[in-house]
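Got some structures for you, see below.
Next come two complexes built around chain A: one with chain B, the other with chain C.
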Partner chain A sequence: MTAPATLTHTLAARDLRVDTVAGHPVLKGVSYEIAPGEVLALVGESGSGKTTAGLAALGHFRRGLVHTGGAISLQSGAADPVSVLDVGDRERRQLRGSTVAYIPQDPAASLNPALRIGKQIGEVLETHGYGASDAERSARIAEVLAEVGLPDDESYRRRYPHELSGGQQQRVGIAMAFACRPSVVVLDEPTTGLDVTTQTLVLRTVAALTTEHDTAALYITHDLAVVATIAHRVAVLRNGEVVEYGSADEVLRSPSHAYTRELVTAVPHLDGTGATDTSGSVTSPTSASPTSASASGASASDGPASAGARGDRGRRPVLSVSGLSVSYGDHHVLRDVSLDVRAGECVMLLGESGSGKTTLSQCVAGLGEPHAGTVSLAGAPLAASTQQRTAEQLRSVQYVFQSPYSSLNPRKTIAQSVELPLRTLTDLDAAARRARVTETLERVRLDPALAERLPDELSGGQRQRAAIARGLVTTPDVLLCDEVTSALDVSVQATIIDLLCELRRELGTAMLFVTHNIALARHVADRIAVLRGGEVIESGTVDEVLDFPSHEYTRELLANTPRM
Partner chain B sequence: MFRLILRRLAISVAVLWLVTLLVFVATLLLPGDPARAILGQQATPERIAALNDQLGLDAPVWQRYLDWLGGVFTGDLGTSAASQGPVTELLGGRIGASLVLLVGAAVISTAGGLALGTWSALRRGRAVDHTVSGLSLVVAALPEFVIGVALIVVLSTTVLPLFPSVTLAPPGEPVWSQPIQLVLPILTLTLVVTPYITRMMRATMSEVLDSGYVEMARLKGLPERVVITRHAVPHAIGPVAQVIAIQLAWLAGGVVVVEFLFRYPGIGQALIDAVNNRDVEVVQAITLLIAGVYIVVNLIADIVGIMTNPKLRAEVAR
Partner chain C sequence: MTATTTQPTLLRRALSLPQAKIGLTLTTVVVAVAVLGPWVGPWLTGHDTTGFAGKPFQSGGIAGTDGLGRDVLTRFLAGGLTLLVYAVLATALGLVLGALLGMLAGYSGGWLDSLIMRGSDVLLSFPQLVFALLAIAMIGPEGWLLVLVIGITHAPRVARVARQSTVAVKDADFIRAARMYAMPRRRILLREVLPNITGPLMVELGLRLTYSIGYVASLSFLGLGIQPPTADWGLMINENRIALVVEPWGVLLPVLAIAVLTVGTNLITDSLASAAAGTSKSGEPHPAKEASA
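And then the complex of A and B:
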């Protein structure tokens, strides 16, 4: 460390309190300290106040929030500590971007779409008087772009944000933050929404930069697997309070607070078990379900497709995709994809963004573009568009969308939304429909009292349950689950996965589980198909693919998946 | 980008052609007979027939349309039935006079509306914001003749006799030779248009100020002035340009009432006179002119929208 021996921290928050304008507390006395070169992970679920706590380090509070107490002190090098929340606007502006920098969650929204990226990095340097001349600043831009592993040539710097991929945009965000060599960086879930390979790259970049420049980092995340990879210490935030604080090892291996234990248990593992063997109860119920589900699936299902043989291999596919190709102009989204889903089986369709996995599930559902190849249901070919499919076919294939925040009509009550497919696809009368809706809502463990509410009044997890209920209400033979957990917190994800496994066991519905998260494989799936660049590059049972991956890409994915 | 703009241009031309068709059909449907209107009630049938022949009014409808359309393309808008002179000559000076009003009002209301909207958005929820919102709503609810009359009462009668309530310049002299007579008409038009621009700018700007990139710009420590001018305003301009265009296009029509009110020698006055005199050729020419302004202004708004959006700009470049 270059800092004097007396220096114990670069950033310290003491008893930080923030309320909403209406007086509702958001942070109820949060304290933390970060030493130079140290990474503190601030862990919590959405609504826990972690972003508020992070932005406070820059003296920034979003609209509707007011600082009501506590202090944040910032010490840069040998200078006297500065109380970030007490200094004037001008001084605070001078700190931001130069001494303390912020890396946002969503780089696509945080980079100005109308400015070239070189300009966006350059304006930080210019504002803070970094470098004496334009040439010097230009050299620094090139240097910092190289540091985050991006090309540093002039033509790259002249690009607009929309000409970069998500991972590249995030690295531009990191370059922007590190441009002035700050003493503290606040990273707000910088890898959410990135593919695992890119995530690993970003995490490595952050780790290298913080070590190299002795930067203190506040890393905000809800992903404990990422915490294990990058953090030295962890603060667990819940409802605006730090419930547990300690070294990463302590908190993750032997959590003392019940909430932390719950979080740790909820993290999906590649080996299918919950966490390490801290206690017997940690093993989540999901871990046992795939095998039992596939066994009971065939017997429990009463769909027409299950009339065949009962043996696992002998069952006829209920959904069969063969030779499916889709292209937009010259761009091939899917090339000759073939895939079978047998009755009662769950197939995981694994792929990163842009692999064509959503296009594939939309083709199956009849929502996609015209395509070559066939999709057939229990042997009968399905038309490419929902408009040409029969009601019975539509009833048999249902879809659960990624974001429960946008897939439910905000002006219809939950009961109305769930009832809709019954109204359009079956000829049940009103009373029978109502009975079916109630039954299905019970099945997805949604409080019947919520049936008459609007989606806005429900939490994310409750909404996704409602969306699943809408998918299951017509008792489909195949349920398409398109990234159904990626918009949800980890602990909610665990309960949704549990629910899907249970439903599959009870109803014998076959599932195509589309995801980018290979860690979920052993928790939900019987078989995996790995999609890359529109082609299925590997498929097989979960054990085959995870234990003996045959394709280089699968091995890379496995290697880059963070573990605890 | 050019392909996109060319496509918009082609659409504009098509719309303009449709307008010529509508204008022509509409004047056919006008009640009354132009020849009788010119010659008065006492005219003999022979004289009316002679005038019809002279004006080409007995030719088949489609031929009259084609003749007129051909004239429009060659800059010959026909002959005014009332003054017996060419329409172009009659309108020449008046177009300039109206343009002074239009451009004056457009420049002031656009600049004022954008500034007021931005200022209001930056002080969201405070007294200033509520005042601006309330006032703009009240003013927007008033029709232009009410605003004009109110301004005359306040600024040109006994209360504060500052500006003339009518145009003082004698016919033939350019209106801008006495700038003081332009104040009230321009002020009236400005007051009519500004509230809409202000409200739209406030709404768009509020949204932009809540965006991730504006928050990021502030967290980078940029001075507030740079945050607003470089990161916020350019993103608000695109959508607001559409509203400005609609308002400016409205100005082209609104000018009629305001010119009448202030006895201002522009095309609005000319239109009213022409309608009274059944001067069909003049009515057609002015209607076409106003429609042309509508279309050009909207085209400019679309181009501004394309220019301020690098995504569209790039797509076009490819």
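And then the complex of A and C:
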């Protein structure tokens, strides 16, 4: 992971300045340079200007943005450097794809669904006059497909994008970008929508291609763990300025700028450091956990999971799922899933996309499809639909949605949204409700002054706090958290995780924490259940699962999770 | 209560557009004429709407007389109010009925959706004016029937818009949350869905109002709306068109008023539509605010 020793640069941006049409600065003098074969990571949170800085390398500015100063020079092989922003449109178009290529975030949206993938790659070659004949181009298509680790036979090339998985689509995107052997590639968060295993594969492909062909890569990302895996150098962008620039080791191990330090510490680690100082070992002081001898019988039914749970042995499960199966036609989303959440305990439900984790949490919440098996709350079975559940049952199980951007009614103030469950599920009067709302907002560390605002006037982190407040306002016994951090920026994620841990200590609410990110395990959870293809393939305490994973899939997940 | 948080912003955004200001001015002028006219008219001209003011089609006074020797200006000033009231009532009826049915169809889905929407397809297959003619020919030219028939024929058009907007928000997490909080369907529709579809409904309101004015005027012109001897713009056009070249005011004044009114309401609708399109984007995360978290 050392940068190739070279003095020349392939891509260099000098004092790049971009404003919005309204005059608001987006980039305030950004400079970076990339040597051949080097990967520069452009790191920043949403709104930092990282995509704008990356697209500028292609001479492209999104609608509403104007270039106000600075230059970008691009050097290809022995040729003279070209100033990308000064050449004419025609020449710039010629540069794109042949000298500098772009790999977008969403491969599914960037491939033409109506064209076979071989033809799409061929089009890139044809447009840029690569190769003299069809046969030569065809050979290059096969070659570049092999380079990205895809089959290069004719039948594969005749597939349509929808016949490929997300990872394969992204690799086709990479193949298209590398087809003309560009000297620079710009990658805009290419692994964001991918599962960790696929992400590792894509990252390896990119690393191999850049080293092999001495291609300079500009890797735009918000994920520092990915940066540690792939980048040689890092530029940290904040509000349109590069606040820190240096080798990946320097920046990630000993960050000098306060903001970088904040970002680095915000990254959750598998070993439980970073992100938060509260590890899963905290035993919650629970109000509702009668450690009676008779209760131990109930937890004996949930198989291996309960065996090693330290100190939790005697607790009754507040939420118990047994034999849950859901299927759409012939497709089984969940097969015979059993899971217990005991009072005051946090169980992490880990699964990648398509594992059925959201279906499971929605069945528990009563939003799901009709299902076989039972979901029971403190021993009493819950109806499948919210309409058949009692107010008391609805009050006891609360749900925090993934995206705070869609879980709060944009036309209601925060206070109105938080008050809603109290109005419908409790018989408190208006004054008592208001007092409870204020109290809960304080509890989630949300400024009471924000209570009368609309969600649009709040940041993502503040909205998620409000959504958590809505979940907690009825003092539920179980809180379901469905990927509550994945729609948020890294540093905000860390504060939300911290908040949930603190709340659990203060209130003793049991939690079912649904996530795809195994790195959060030690920060939030007591136990883990790993879901794959609708089945719980492994469950146990955090230490058991992370230190001695028994299933091949868990081991693979752990191996593929990027570390810093 | 929830509506107060959205409407001022949408209206304010709409009214800041130049075409909205022009539209509002035009509409205000015509509405002022229609509302104040019945009282100002007799005082201004010294005649009432049905009494004789002179010989038929005489050019005396400000706008002359009509075929029965009645004062045209007085009749013009008095003839807008009924038209306006009928148009507003018909629009309100169509909007409320259409919005309720559309939201119910969109939110419930399934057989109820099919029933409501296929039912409204049947209504939609009749041209609006033909349907109104049919009803009035059967029952007679009553004011309430005019309002009812125009309102009912508006409803399916409004319902389509309301249904589509409802479908777009019904699976949003905040609606699912409301369902989880055991909110009855009626309240979910009125408190959670309705405030989020006011944009398209406001546009529909403007559009339907424009059409209503046209239909009420047309029906009166055809003799199936407001009946003589009541002064009415649509009716006046019909009564006076035989003397268009001799005494044009009897036709020109009501035609101008109706034209200006429809152009005015249309401009307001347009600006509402562009304002509503602008607000729909605000649901996305605001990048500038992220850093402050």
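By definition in this document, the second predicted complex is superposed on the first by the 503 of 564 C-alpha atoms of A that agree within 3 Å, B and C clash if a C-alpha of one lies under 4 Å from a C-alpha of the other, contacts with A are read in each partner's own complex, and residues count from 1 in each chain.
Everything below uses one rule, namely that a contact is a pair of C-beta atoms (placed from the backbone, for glycine too) under 8 Å apart; a residue touches a chain by one contact, two chains touch by 3 or more.
Here the structure is a predicted model, which means the values were calculated and not measured.
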item	value
A:Leu425 touches, of chain B and chain C: first, second, both or neither?	second
First, second, both or neither for A:Ser98, with chain B first and chain C second	first
Partner chain in contact with A:Asn239 - chain B first, chain C second, else both or neither	second
Partner with the higher number of touched chain A residues, chain C or chain B	C
Contacts of A:Ser486 with chain B and chain C, given as first, second, both or neither	neither
Which superposed partner A:Thr438 touches (first chain B, second chain C, both, neither)	neither
Chain B versus chain C as contact partner of A:Glu123, first or second or both or neither	first
Chain B versus chain C as contact partner of A:Ser110, first or second or both or neither	first
Partner chain in contact with A:Asn560 - chain B first, chain C second, else both or neither	neither
Chain B and chain C contact sites that coincide on chain A, given as residue numbers	none
Interface residues, chain A side, partner chain C - complex	45-48, 238-239, 365-367, 386-387, 389, 391, 394, 398-399, 401-403, 405-413, 416-417, 420-421, 424-425, 454, 456, 458-462, 470, 488-489, 491-492, 495
Interface residues, chain C side, partner chain A - complex	2-3, 5-6, 172-174, 176-183, 192, 195-196, 282-293
Contacting residues of chain A [partner chain B, same complex]	55, 58, 60, 62-63, 93-98, 101-102, 104, 106, 109-115, 123-124, 127-128, 160, 162-163, 176
In the complex, chain B residues that touch chain A	210-213, 215-223, 226, 230-231, 234-235, 308-311, 314
